[in-house]
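Got some structures for you, see below.
Two complexes come next, and they have one chain in common, subunit A, joined by subunit B in the first and subunit C in the second.
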Partner chain A sequence: MALDTLGGEDWFLHLAPALVMIATALALFGVDALDPDSTNHRAVFGVTLAGTLAALGSAIALLFGMGPELGTTLFSDQLVADEASLLFTLIVTSVTSLVVLGSYDYLEDLPDKGEFYSLLLLAATGMVLMAHANSLATVFVALELASLPSYALVSFLTDNRGSVEGGLKYFLIGALSSAVFVYGISLVYAATGSLLLSDVGTAVTEGVDQTGVLGLGVLLMVAGFGFKIASVPFHFWAPDAYEGAPAPISGFVSSASKAAGFLIAFRVFTTAFPLGAMQDAGIDWVFVFGVLAVLTMLLGNLAAATQDEVKRMLAYSSIAHAGYVLIALAALKSGGAHNDWVLAGGMLHLFVYGFMNTGAFLFVALAEHWDVGRTFEDYAGLGEEAPVASAAVTVLLFSLAGLPVGGGFWSKFMLFGGAIQNGFWWFAAIGLAASALSLFYYWRLIRALWIDQPTDGGHELDGTPTGLYVAVLVAALVTVGLLVGVGPVAEVAFDAAGNLVG
Partner chain B sequence: MTVPVEWYLVLSAAVFCIGIFGILTRRNALIFLISVELMLNAANINLVAFSHFYGNATGQVFALFTIGLAAAEVAIGIGIILVLTRNFGEADVTLPTEMRW
Partner chain C sequence: MIIEALLAVTLLGGIAVLLAPDRLAGKLAFGISLGPLLGGLWMFWQFDGSGNLMFDSAAKSFESSLSGTTLLSMGPWDVQWLAAVDGISLPLVVLSTILTTLAIVSAWTPIDERQSQFYALVLFMEAALIGVFTALDFFVWFVFWEGVLVPMVLLIGVWGGPRRKYAAIKFLVYTNVASAVLFVGFLGLLAGLDGTITSFALPEISQAIHAGELQGVGPFSPEELATVSFFAMFAGFAVKVPIVPVHTWLPDAHVEAPTPVSVLLAGVLLKMGTYALLRFNFTMLPEVAMANAELIAAIAVISILYGAMLALAQRDLKRIVAYSSVSSMGYVILGLVAFTVYGVGGATFQMLSHGLISGLLFMTVGVIYNTTHTRMVGDMSGLADRMPVASWVFVAGAFGYMGLPLMSGFAAELFVFIGAFGAEGLQYSPIFTALGMFGIVIVAGYLLSAMQKSLFGPFRLETDYEIGRAPFHDVAPLFVLLGLIVLLGVAPDVVFDMVESATQPIVDAAAENGGGA
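Up next, the complex of A and B:
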């Protein structure tokens, strides 16, 4: 059988971003295997960046309709290519490009650079495939392809006890959550007899004999998702993993991996477990996500407000943001008129968040590069010494809080507005209160940067890490650009959400 | 005489719970890994049993994928446990407490 008929028409064009990244990763492995001792950092970095930028470019080209028509399934319905998958491919490839840019200076004195980049690319490939997955089997395989390299990346600094500890916790909890997740999948299969999302959806709508088995399966899958997106009460690995990991990897895992996990949750729960039929069967997953959303927003923000270390504050802030996005699932209503609005708000927030959060973590990477220190006090006075980067991160932090200086304002506006219109005003109220609280801890960092005086006479900032600077600046510029130019992205998000709940 | 398919559900639930019990009570990282393997195999029992029940091959094929992924997971896990022992002297999951909660 020819490849073309096996995969479906033009499958290699639909999957071009993923294929480019796989090819780059394998090329890096090959080069590294031939000559393991002398890594030419510049060449390895150049190839990686070219690969991720090519993937990003092909995703943009596909999104603007320069490729085959969207809305088709590939490989006998195992994968799907639609607006949602492209939007999230765009998120993953942009975050990966920023992280690669930032890693150049970060990796300067570390061994195994080739392995670092190829693991990064393989994890990104897994995340892109997560965006395309259309059956529980491909969901699980893609999830593992994204997770396994991430474990290795988090514990990449093998002599640093923090990194190893973070990696161990991430791995143990990740392995546990995969097991729980796949057990949930097996129960859903036991109840419905299929792994394809659309077939599971049909079976559920027609009625399932063993509702208890299905319900338990769904609950276990929610728990699995909860671990992957670091939602309270499944979050406890996240602060340690994000704090211990190399800062660019913290940004990568907390933005790209979270976005891909959320898209899977969106797709699985809207397609395979249609809300009306599930509520008739007594399995109200919207309620479960509502509880998770409220808990995650409140605990994430409260914990972030009590931190003394910048990186750990950002880790908890990323947990809090998972809470906001969970509203996108919690505020869905069977037959609700504004379901697409809510879901599009969640997708848009993940898009903007990808830039805001990665930029903020790359600023921490910049500080680690300069040996500034870890606490808020250590950052005092950086505003005068590195005004450009500090200005960029100030914009990013305000946008994270939802102030109208960046795209974060619009995404929160859509998310909370959609929740109100669907009749869930309390989610919007809690979200707003949580955002107000978040302004407090983001302001602590901004105050340290610009207002506080350094205690021990300032820092010595040697070297100009160009890659990190460029990455932080690009992230800030895109965030600001999204304040005025959010239209096209929101349109794609609406199309994507309409396909899922429309 | 064929075994009713519900019994397989009971068996897999038992294996899954043994895995959870192991994770909650043991401190050695390797035992933790073995417990996770038990939980994954509980899922495999379900998949294969219901694949036979429904008469389609989906579950069996997915079980093969799960087995492969479990092996890959262990490979990464052993690597991380190796650097853990190098840094902390033991493969005890309660030892690393550099960071507070």
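Up next, the complex of A and C:
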């Protein structure tokens, strides 16, 4: 009863996805504590998958109106439940389900499976809470809840130098960026006297005295976000972390974590720092994001084009995609008629990207499972040996490049088209040029799979990693399905974006 | 529902072939491709529409109840499923289905590895081609447009000749940059129509532009926007056609592609470019086309002459046929820019005629290569002695190309020349026409010389292969194509009537919008 008053009506229904995942994570901890040497991988995996699928199902049910009314705040406005939070809950839970599905085979010969799954679930819970966060305090707490397990997951392969190194880098830079971020929050609090996003927004609109303090605070928060979403020039931890991490975790961190980070950026900057008032105060965060977007698109794509290793190429491609999504913030215009379009494009891109990118990394996980090797040459000839998975990843790669074989075409179109509509045609031009370049390096992998001949007479693919296969196929099918069925998702994204900027 | 049914049968058939074992794939794909072929012929038979669907919604034939379904709403605009045909697109749909079926049959001999994947990709491409020629919503159309590209790149890259990787990436980069450019050009038009249109339906957009609702965007006035968009789209489509100087992907792609794929590339894919030019540039923005008519006609004539001269310099039979496509497609552009009934209609007719004739020549070269294992003019002579059927078919196709009366090439070129000669909007039109006609002389030159060197004279073959008998299924498609070429030459009205009724409104619109100026 006390919680009910505190949390607000139906808070447990609104937060059902997060609660299901945290319950599953705690249950796994319990099992692990009682029987630490348990080797019953199947049971642990089954419980985890059931938990993530239940979370996914409840997110879908909530999104399509089977739960309480959306647009309410919970726990004295600390959390919010609206279309945006549910859309991103959907992204996080689907990516998590795919990753769990792919981890079963990947973890076969590794110890500490229980810890792996519970850390994964805790990180996912943190990301879902990020999607709900409505004050700078909950933003920070949720961010840390998502980050800390991720550091451990990236360095999960304790015998592998790359994994440990990547994890250490990720941890040190993540800790530093958290510090920068929290310092930014404190400056904003000093200037506005509030942590609630809407109250900060009101204070800013009414005018603050210490614009310098506020400006510095905003700038530090941008830097903090820059680290979390791996935007250039705060990206340098990302290639090492994504490359060193177990491939399913690379997909998880680069899709789900990035999406949640972006939603926080969308929410914080549109709600707490309203564009018109901020520009009047001389703090033009749109311009800052514009610079970041251009740098990230260009550098991410150029760096990806020069890689020799598939996983590192995907890591840089993931940086490049953060650049595309940054357009969603960079092309906003004070009073612009198409702000909702731009922002919806960013959200839709993160949604589609969740499937495309996770699928591609899970294909790498499949190759690692088979000990194929790391470079493009090592992948040569896989198309004939594993045609189904190769066909799936081909579709995913073409869609990542923005060809209309998957939903990636629509989301890129909405981003670029929205930018043009708001008068920022140069973002669209750079984005298109960058996409054309990206086709070059995605094509290298496709060429290796289907056209190149293997140098040493082919691979020995043993075992049937059903989980990985299913995960890659599901990712590809959803991506293709979104080419035709993007309508409902785009509608939700428009509603969500309209709530933020409308 | 017939259009949707054709798409569904082809697409699902492709999936079925993909899952079929290799030894059945070729036959199964042939059987499945008969579905769209018969469907296309049935549509051709039943067609009784008239007019151009871009101007007159009554001209939309075979539009089903699914048309108008909203696939995606984006703010004020809806992406819809819209599919219909008129006298311009229906013949091209039929051409695609005929050539796909024949290409599948002609692949039975040369394609011997990864067959189910090969035939599945061919069927996927056929589905996308039907989509390109029938879709009327810009975005759906663009999806099909790019959907043709993906299977094509893989067909060249996996089953091609020794330099296939280079050819595939070149094709991919060229056509993709072109797609990006045309996409941006079209977005410019959409931005100029902000607030006046509610969907991306091509007819609606075209009618809004003709009603003078195009607004200036940013620094551009409406006229400048129209010009910029026109040339962005023109550049994008020019790569596909291809027009000199953006033709350089074509010989590489053609030479490296396996013969059945070359047939489709030359026979249908190039027509996507000219079809799109006709539907977008010349229908939507005729006044820009007429204002720049001399420039476009000059580009067309340069393509005709330069393409022909490049062909003259080749020794590889396949390269000769490939370069001659550049030349032939120049006639299409010349006919379009003339803006006369015979010019635009002749250009459309030339698309069909060239599709059949170049398909025939590529297939014949393929048959010759299958038995001799060489395509070099200098490596063989006197083939007519040992391979009389293939040789004489090649001779017949070559004469069709040169414009022998009673073959489709003659009718097509005659229409284009009559149309271009009398073009009122085009200054110096007699000179352009005369220069274009000179291209035929060069065509005759290189084809006669290639035939004389390789087909006639004493028999000599500088490879280690014995000449065997070409199997029946290699030769049969040649006669089907030859029959169609003669049919269109003897009775062009079979097609030209419907083409004419669909092209007349374009000419009228051009006369209204730009004729006075």
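Simple rule for what comes next: the second predicted complex is superposed on the first by the 501 of 502 C-alpha atoms of A that agree within 3 Å, B and C clash if a C-alpha of one lies under 4 Å from a C-alpha of the other, contacts with A are read in each partner's own complex, and residues count from 1 in each chain.
The rule is short, and it goes like this: a contact is a pair of C-beta atoms (placed from the backbone, for glycine too) under 8 Å apart; a residue touches a chain by one contact, two chains touch by 3 or more.
In this text the structure is predicted, and so the values were computed from the model without any measurement.
K.L.:
Once subunit A from each complex is brought into register, does subunit C clash with subunit B or fit beside it?
P.N.:
Superposition result for subunit B and subunit C: fit.
K.L.:
Report for A:His338: first if it touches subunit B alone, second if subunit C alone, otherwise both or neither.
P.N.:
After superposing on A, A:His338 lies in contact with subunit C but is clear of subunit B.
K.L.:
Once chain A of both complexes is superposed, is A:Thr158 in touch with subunit B (first), subunit C (second), both, or neither?
P.N.:
The answer is first: A:Thr158 touches subunit B but not subunit C.
K.L.:
Looking at the overlay, what does A:Trp237 touch: subunit B (first), subunit C (second), both, or neither?
P.N.:
neither
K.L.:
Would you check which partner chain A:Leu148 touches, where first means subunit B only, second means subunit C only, and both and neither mean what they say?
P.N.:
first
K.L.:
Considering only touches as defined above, state whether A:Phe355 meets subunit B (first), subunit C (second), both or neither.
P.N.:
After superposition on chain A, A:Phe355 lies in contact with neither partner.
K.L.:
Just to be sure I read the superposition right, which of the two partners does A:Val213 touch: subunit B = first, subunit C = second, or both, or neither?
P.N.:
Only subunit B; A:Val213 stays clear of subunit C.
K.L.:
Given the touch rule stated above, what does A:Gln421 touch, subunit B (first), subunit C (second), both, or neither?
P.N.:
Touch partner of A:Gln421: subunit C, not subunit B.
K.L.:
Applying the document's definition of touch, where does A:Leu168 land relative to subunit B and subunit C: first, second, both, or neither?
P.N.:
first
K.L.:
Using the superposition on chain A described above, determine whether A:Tyr324 touches subunit B (first), subunit C (second), both, or neither.
P.N.:
A:Tyr324 contacts neither subunit B nor subunit C.
K.L.:
Considering the aligned complexes, could you tell me the closest Cα pair distance between subunit B and subunit C in angstrom?
P.N.:
28 Å.
K.L.:
Using the touch rule from the top, collect the residues of subunit A that touch subunit B in their complex.
P.N.:
Going through subunit A, the ones touching subunit B are 136-137, 140-141, 144, 148, 151-152, 155, 158-159, 161-162, 164-169, 171-172, 175-176, 178-180, 182-183, 185-187, 189-190, 193-195, 213, 236, 239-240, 243-244, 312.
K.L.:
Help me check something: in the complex, which residues belonging to subunit A touch subunit C?
P.N.:
Contacts found on subunit A: 338, 340-341, 384, 387, 398, 403-405, 409-410, 413-414, 417, 420-421, 423, 425, 428-429, 432-433, 435-436, 439-440, 443, 447, 450-452, 483-484, 486-487, 490-491, 494.
K.L.:
Which positions of subunit C touch subunit A when the two form their complex?
P.N.:
Residue list for subunit C touching subunit A: 70-75, 114, 117, 139, 142-143, 146-147, 149-150, 154, 157-158, 164-165, 168-169, 172-173, 176-177, 180, 183-184, 187, 191, 194, 218.
K.L.:
Help me check something: in the complex, which residues belonging to subunit B touch subunit A?
P.N.:
For subunit B paired with subunit A, touching residues are 9, 12, 16, 19, 23, 29, 32-33, 36, 39-40, 42-44, 46-47, 49-50, 54, 56, 58-59, 61-62, 65-66, 69, 72-73, 76-77, 79-81, 83-84, 86-88, 93, 96-99, 101.
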